[in-house]
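As written, the chains take the letters A, B, C and D, and residue 1 is the first residue of each chain.
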């Protein structure tokens, strides 16, 4: 079993720079989480962006979709900021649907609501959840947050509740 | 989606008692992990034992199997010590195979190689992994460790390597 | 032994609000640190502000000084943001020097360069350091950071190096 | 300012070996704690033993005392298991009293009631406390636990309460 990871930034990778009291996206932590868990699958991590997901553009989303479509792997995890995760997942879904080879891929989007560098965080749980989802689900594009697998067409972030919930198709 | 959890003890729940420099099984932590992850499924936790899995008896395993067979849930997670996890999973598998209703259940065994109370632990990742596996896999009994889903008939703990590996049927 | 704590905010108490991707000052954590350490001295915690120290005004500093001068305790710890910690410490020092009773107080300023809510943080170490300093040092006002006791007149934050260093009197 | 550290083992350095479900003394962690806190003093760490303090012998205590008496440093921290910390501190105190040069040294014993590798631990606080105590206290031998500085002649571990308390001279 091989898993290809693309990282795009988001809360999961946020760090705090006291020198300017700012909170920015740092290096991807998912490989550290995999290693601490002693995962028995092989993986590659490709860092595409280090962005807050509110700053991702359509061109960025197209690049994510292109990279997924072009890679050899059939099992792909994307770490992503939570604010626009469903949008990027839908863009990838559309791109793969238009692509004969893409139809055979399982793509799982995941992130976290608290930074992985926090003591109290959902990051390790979520990465573990995504690691199982990407191995057990059939082809398709999924959003894995709050311990649930969502269809990108039927999920939204409830910002007030700070959680992902099912939603009518947008 | 509802998940029934049975806890039996094991490293995942180990605590350290300095007063006697001993390391014992404490209260189950899985509900805390679920809450910290803000899981969007309902769950019940039933603590069956607080034992090192080397101390589990055949009667204990029969009790675990009975409780799983008797419960209403079709999605069941069992937290368990790593040393005899495959044995208990096989006992449950045999029991459910002999039971008409049991055939419809998805049962995932999980634990951790380092206590959940440690800073560096596989516990949160593993619990997240099991939470996805129990929701996405079809009926059957599975061992979820080291980021992989194993068939209880074909897994063993490599004690020297401190990890779970595939193994010929025992 | 009794220790009076005044909290003013700063990095030590920062939390992350994903809903707006902002990093704000949360509830004071020093009492949690004391409790986790099982401290054998009594303490009170009074939260004066929840501010980034760059936002503290002269009026705020005067209030801190007044509260310290007016309190019954002779052992006082102040948690404070790092950017203007020396300024507030000097303001308190001047106020106490002008006050007959104030001359008998030991006041220790402390904070952290990484939030206490981070896995990797200097917060617990620094709070422990301050707890010892406030009990062992004679009357005076001190800045306790980076494992050193500094005279407020001879310390500055080296922002590029993200640490406190000795400095000529300002 | 220079601090010499001698480590002897104890709970602070305990690790958990799942392969045998045992809890043993691992590598000293105090240097990691100092580095994470960005301490602005120089230090050396010398690992003398990796023992549970119940296993320390009179010969071991004599060795600790000899090493402290013989070292160049005047500021010495000793990390030590909690069960016999006062005994070793008294042995060191007697040795230094019989030694002209020893009289000029400040020696602080410290450990922790929960392993430093735990999420919830007093280790970082205690190490920070000891770092301040060793710099601010005059010559003598001290036990620094539970946020207090104790005279080795008047302290004992209350095993039931799992904390250090004042005690009549033994």
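The rule is simple: contacts are C-beta pairs under 8 Å (C-beta built on N, C-alpha and C of every residue); 3 or more make two chains touch, one makes a residue touch a chain.
Here is each chain with its UniProt name: A, B, C, D = Asparaginase domain-containing protein.
All values derive from a computational prediction rather than experimental measurement.
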*By label order, what chains touch chain B and chain C together?*
A, D
*Going by the average position of its CA atoms, which chain sits the greatest distance from chain C?*
B
_Can you work out the whole-Å distance between the CA centroids of chain A and chain C?_
39
*When the centre of a chain is set as the mean of its C-alpha atoms, what distance in Å lies between chain C and chain D?*
27
_Roughly how far is chain A from chain D, centre to centre by C-alpha average, rounded to an integer in Å?_
45
*Listing for chain C: what residues touch at least two other chains?*
113, 119-120, 162
_Chains that touch, pairwise_ = A-B, A-C, B-D, C-D
*asked:* Per the contact definition, I'd like the list of chain A residues that touch chain C in the complex.
replied: 11, 14, 16, 18-23, 52, 54, 82-83, 113-115, 117-120, 159-160, 162
*Tell me, which parts of chain C touch chain D in their complex?*
1, 33-34, 36-41, 113, 120-122, 124-133, 135-137, 144, 146-149, 162-165
